[in-house]
Amino acid sequence: MGPLTWLIALPLLGAAAAAAVGRDRERALRMVGLVTSVLVFAIAALVWGRFAPGAASLQFEEHAPWVPGVGLVYHLGVDGLSVSLVALTALLFPLALGAAAQQLAGRAKGFVITALLLETGMLGTFMAQDLVLFYVFWEGMLIPMYFLIALWGGPGRAPAAMKFLLYTMAGSALMLVALVAVAFAGERIAGRFTFDLPALLARPLGLGGPYESVLFLAFTAAFAIKMPVWPLHTWLPDAYAEAPPVVTMLLASVMAKAGAYGLLRFCLPLFPEAMRAFGPLLSVLAVIGILYGGAIAWAQGDMRRLLAYGSMSHMGFILLGIFALNLPALQGSLIQMINHGISTGALFLIAGMLIARTGRADTDGYGGAGAGAPTLAAAAMIVALSSLALPGTNGFIGEFLILLGTFQARPAAAVLAAFGVVAAAAYLLAFIGRIFHGPVRDGLASMGDLRREELAILVPLIAVIFWVGLYPRPLLARSEATVRALLANAAAAQTAARQGPHVAAGGGTSP
Amino acid sequence: MAVLFGGVACLALAGGVGVIASRRPVHSVLALLLVLGSLAVDYLLLDAQFIAVLQLIIYAGAIVVLFVFVIMLLHARSGEVARVPAVLPPAAAIPVCAVFGLMLLVVLTGAAIAPAAVGPAFGTVQEVGRALFSRFLLPFEAASIVLLIGMIGAVVLGKRLPPSPPDAGRPAEGPGEGRSKRRVELR
Amino acid sequence: MLIPVLAVLVPTLPLAGWALNGLWGGRFTRRTVAIVACGAVAAAFAAAALLLWQIRLAPPPGRAPAGGPSWIVDLYSWIGAGSIQVPLRLLVDPLSVAMALVVGGVGLLIHVYSVGYMDGDPGCARYFAYLNLFMASMFWLVLAGNLAAMFIGWEGVGLCSYLLIAFWFTRPAAAAAGVKAFLVTRLGDVGFLLGIFVAFGVFGTTDFGVMTRDAGARLALGGGAATALALLLFAGAAGKSAQLPLYVWLPDAMEGPTPVSALIHAATMVTAGVYMIVRLHAVFLRAPAAMDLIAAVGAVTAIFAAAAALVEPDLKRVLAYSTISQLGYMFLAVGVGAFSAGIFHLTSHAFFKALLFLAAGAVMHALGGETDMRRMGGLARRLPRTTAAFAIGALALAGIPPLSGFFSKDLILSEAFRAQAWLWAVGVAAAGLTAVYILRAFALTFLGADLRGAEGTAHDPPPSMAAPMWILAGLTVAGGGLGWSFTHPGILERFLLTGLRAGAGPPARAGGAGEGTLVAASVLVAVAGIVVGWLVYVRRSLRGGVPALAGLLSHRFYIEEAYAVGVIGPVRALARVAAVADRTVTDAAVMGLARALGRSGQALRGLETGYLRHYAAFVLVGVLLILAYWVSR
Amino acid sequence: MTVPAPYHLALSAVLFTLGMVGVLVRRSALVVFMSIEVMLNAVNLAFVTFARLRGVVDGQLLVFFVLVVAAVEVVIGLAIIVDVFRAMETVDVDDVDLLRG
């Protein structure tokens, strides 16, 4: 029972405890939720702290036979890619539960239980090293999220939740098929039918050619829907707008990262050849996502839709960085995943606080709120600046590295994407301007400023924004070794592929 | 011998036609009895004495009798009103079945091989019994359980009071609507 | 050892001021807020002065490659990803110290001035916090040791400019102007960012020392990389210093409080572009084509802005256009390679333009915020001292000797003359226009009938505002000494030279007969401008100016409208169309698929007729197919 | 084994086809049922014929089990038919369409 299994088990125990508590005792339920998620964060922080930055291999590994017959193994592990994402997830949940006062008012019990199940799913997704275990947690995330949207959402929640569920499941169905195909390919090479990723990667699969492309596309479809990537994003505005802001925060900050993480964890090591071949196509989609998302965000009335398209635009940067396939870009993508999680999470929290105060989600109904709530305005400004990548905040580190790496790989894409930074400034300042600036609308002057508990939620996020912005070394150091190994393997596998699959002696080292 | 088979074949075919063509169910049952009998004789031709006897006892004896009982119970009139056009109207069904029959014929006869030499005790009750209780012991036990279930099922179905006629649930249909319900008074 | 500490102190002191005022400003009394703010900047200025003293004394640690004495102070390794290592680095050398002094000095004066100017405003804690944050960013920009670190300051000042322009955010015009300023400068910053990437590509690092030293080796003269790098960096500079394509935000930036305009939009931020080009002069010299473009843009901007200022009714906007025009001169100077002349003009411009803005502020303060010159006049009698200050600034701007404006502008013109004649011609013409518009402003505001005699409350500003103005006036007068250029290179030039020359650019002074005529020509033009201005605006005798030209000018060649129609309109429409398209096209594709699946489900339902015989028939068909397969095999 | 096997098999095929026609055409459940019995017997005949051809008694045993199953089937089938009759007073297969899709 290593720390990672505790990370998965604890939320489940919390959910069980919450189930035991009576429906009406909201304070107790909320306490259970908070205590559990804070404990989980403690463990995650411990894991993050004691993670040895230099090592590229998996750490805190845990093995246990699951279904030996079919080659399934309960294999958890954390490496450079996932340790920070686990910490991010664990950080955001207590904040989400803390900020979910409005949702907890009526059906606290259901909310706490579903949220904790969601946390298990998310943490599991980042820690699973077995393909099927990953798939189980990947789907495990969907169901609680569906209920969170469908039961606690806004007016149009039912169709939005259904659309979100079916769209994502369609993608992951493709992935399931591809998972099995990979296992068979692994068996052909290694002789043992297994879903365990490190075992599969011990020797290059030598897929090559159209077969690898098909598998790659199946995986990428699932991840692209999740991120989301431009043409597959239509579920995003509805789901983000209809879900309660706290849930949207989790959806945007963590689940979107599962898609990007999947690309790095599965597509890069398993299909290096296809990764390189489809690079240009996906870079084009990423750039479209950046500019298109930014433009639409600017034209949105509803603040949640504005932030939703904005989030899509940021995910475009991460995708661009991934497919630049060089060290700075990948490092940039990884750190941008954390940054985007923090800044978009905070933005949605603030949107939630605004909607809680005035009940209006449409930005036209606002104006001059800065007078009534200066602290809220200041917090919103700082988070918006982090989101539009102002140097000195965390957003800049990610975007700088991504654009730098992409410039080395694809200068044209980098130049176009760089204008995405202007688009980000446009829609974020529009967001701040419409709500906090301009003549003070009626009723907004009396809008209460940030209460203490709300401040307690935003302050940690703002602290992280400046900490990562000014001193990103610890985050970058943790992921560098793994990224370097991944790129080395991808390059080695590619050279091996070029000389014919069987020539490569012994294949690359395990990541 | 060939003549005997010819006769058996004709009787069987006549019976078959009789089952499907006769207007009153009672005639069908009799035709069925005829088919069973002729087949029993045919089994003898094929050295399957035990099966022939079995056929007579179980099929002819039990099953046909059951049919007679049910027909008696139901007094079902054979007049059927052709209300709903069948997927395969009789005119179309026969040629299709004919084609099917030809194909079946070709397949079966194609598979025929030279008859193997067989000892005198082949098909006798002793040999079949020995085989039944040696190699086929498990299926035999299974068969007994199936029979048991069959009996329980019949008892349960028989005793249960049928639900009230489902007309109540059906939407009110105007007079002359296609499917009028024919009432058969149970005398 | 003192130098690294001082270097770090200069930007961090105002940062501390920002933190103090920002977090606890609400609880401080007005006096404490002012003391904290001005104290922080004063301390920073003192530190900069100490740095200057240290540089002159302490021998540099081994001949620094860039020629003059320079010290590199590394705080810590900021971004590191494989081969890309970006430390937070400060560079202390004559150029950066000079700039720090100018920024610190003018900044301090304007902080003191702001105390008086903003005393009625409830949000003055927030104001001083932002102002301190701006000073911190500007110091950081000036002292940065590599392009990436400079970018922090670069966008930091952009942010503060946005915050301060939109300080009175309840006024929609101010909020919109702030956003406009931030977005336009951000557009330029994209060029700067791309320039950084090219620099990484070429040099592997963006450290100024390395770039200056290896420029010769790494960049082919006039080669693609050099030109691209130069132009991209110039794009960033053009955005920040409001040069021709990206100047539209500066006139609107006057919505902010006047001290802000004085500090940010006259003396410091807008000059960041010039400083950056001078700092990377070695790189720019490797791209002569880019240099020519810069010079051309500078010249055209100078004359265009001067023309626009001629018809501008609002006093502050006149000064804004004047700033754009003078910045054009600075870019002209660096464009022709006269880097030290650029810096000299930057310095002198900082003094007299800040003075002009502060005087305008005093006028506004006296007239309750009125800036439209058409409703002003005859203030000379009631605001004697402000009038005098404005006059000094105006004369310096016009380029009348012995004020500093004359020397710096003349230096640029003579350098321009040696480069290309037409540049000199445009420069002189712009100088003439400058004299005319500044005199027009002076006349409309201070001379003529006292239109607002009724109120009579106008009075000279309190000492806390007057003192900084007089200090600036003194600096404007004495500033000339810095660049006394007739016979030997000026003090500033010699001081900077050690940091700059290092084998780049032509020798300092050609001297000789040609010099005299140039100087005479520029003085003549300035005086002529004043006379023309006097006749047109004071004596109303010379009804000059072709109405059509005036119409065209008043609309600034319809550039503003061209932008609105050509750029912003289509982008906004595209965004709206994309929003609708996103909902209809891509969404419809997905929902359509879902509906199609639904409909096909319905169709299949028809098969379940409920009739036994239909099912039997289906079974028959199935068996038929199997048999057919069996037979055909 | 004087009569050549194909004849028996031919008889079995024709009988099977007749039974199928009965199932497809007739409306009365009872007749359908009997037709099924005819088909079963045709199959039995084929089994016995092949048993004889191969000289292996297992074929006949299969017939034995077919008989058992047929018996149970008839019992249950008729019980259902009786039940349906009592419920809907009809034996007509077309009326029994509650399970329509």
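Letters are used for the chains, namely A, B, C and D, taken in the order the chains are written, and counting of residues starts over at 1 for each.
Just so we're on the same page, a contact is a pair of C-beta atoms (placed from the backbone, for glycine too) under 8 Å apart; a residue touches a chain by one contact, two chains touch by 3 or more.
For each chain, UniProt lists the protein as follows: B = NADH-quinone oxidoreductase subunit J; C = NADH-quinone oxidoreductase subunit L.
All of these numbers come straight from a predicted model, not from anything done at the bench.
Among the chains, the centre nearest to the mean of all shown protein C-alpha atoms is found for A. Annotation: 66 Å between the Cα-based centres of chain A and chain B. Between chain C and chain D the centroid-to-centroid distance comes to 97 Å (mean Cα coordinates, whole Å). Averaging C-alpha coordinates per chain places the centre of chain B 100 Å away from that of chain C.
One simple way to say how far apart two chains are is to compare their mean CA positions; for chain B and chain D this gives 4 Å.
Residue numbers of chain C whose C-beta contacts span two or more other chains: 609, 611, 613, 617, 620.
Touching of two or more other chains is recorded for residues 20, 24, 27, 94, 98 of chain D.
Chain contacts: chain B has residues 84, 86, 88, 97, 100, 104 touching two or more partner chains. Pairs of chains in mutual contact: A-C, B-C, B-D, C-D.
By the touch rule above, chain B contacts chain D in their complex via residues 1-2, 5, 9, 12-13, 15-17, 19-20, 25, 28-29, 32, 35-36, 39, 42-43, 45-48, 50-51, 54-55, 58-59, 62-63, 66-67, 70-71, 73-74, 76, 78, 80-84, 86, 88, 90, 93-94, 97-98, 100-101, 104-105, 108-109, 111-118, 122-123, 127-128, 131-132, 135-136, 139, 143, 146-147, 149-151, 153-154, 157-158, 160, 162-163, 165-166, 179, 181-184, 186. Interface residues of chain D, counted against chain C in their complex, comprise 20, 23-24, 27, 32, 93-94, 96-101. Contacts from chain B toward chain C in the complex involve residues 84, 86-88, 96-97, 99-100, 103-104, 106-107.
Taken in their complex, chain C has these residues touching chain A: 76-84, 126, 148, 151-152, 154-156, 159, 162, 166, 169-170, 172, 175-176, 178-179, 182-183, 186-187, 189-190, 193-194, 196-198, 200-201, 571-572, 574-576, 578-579, 582-583, 586-587, 589-590, 594. Within the complex formed with chain B, the chain C residues making contact are 609, 611, 613-614, 617, 620, 623-624, 627-628, 630-631.
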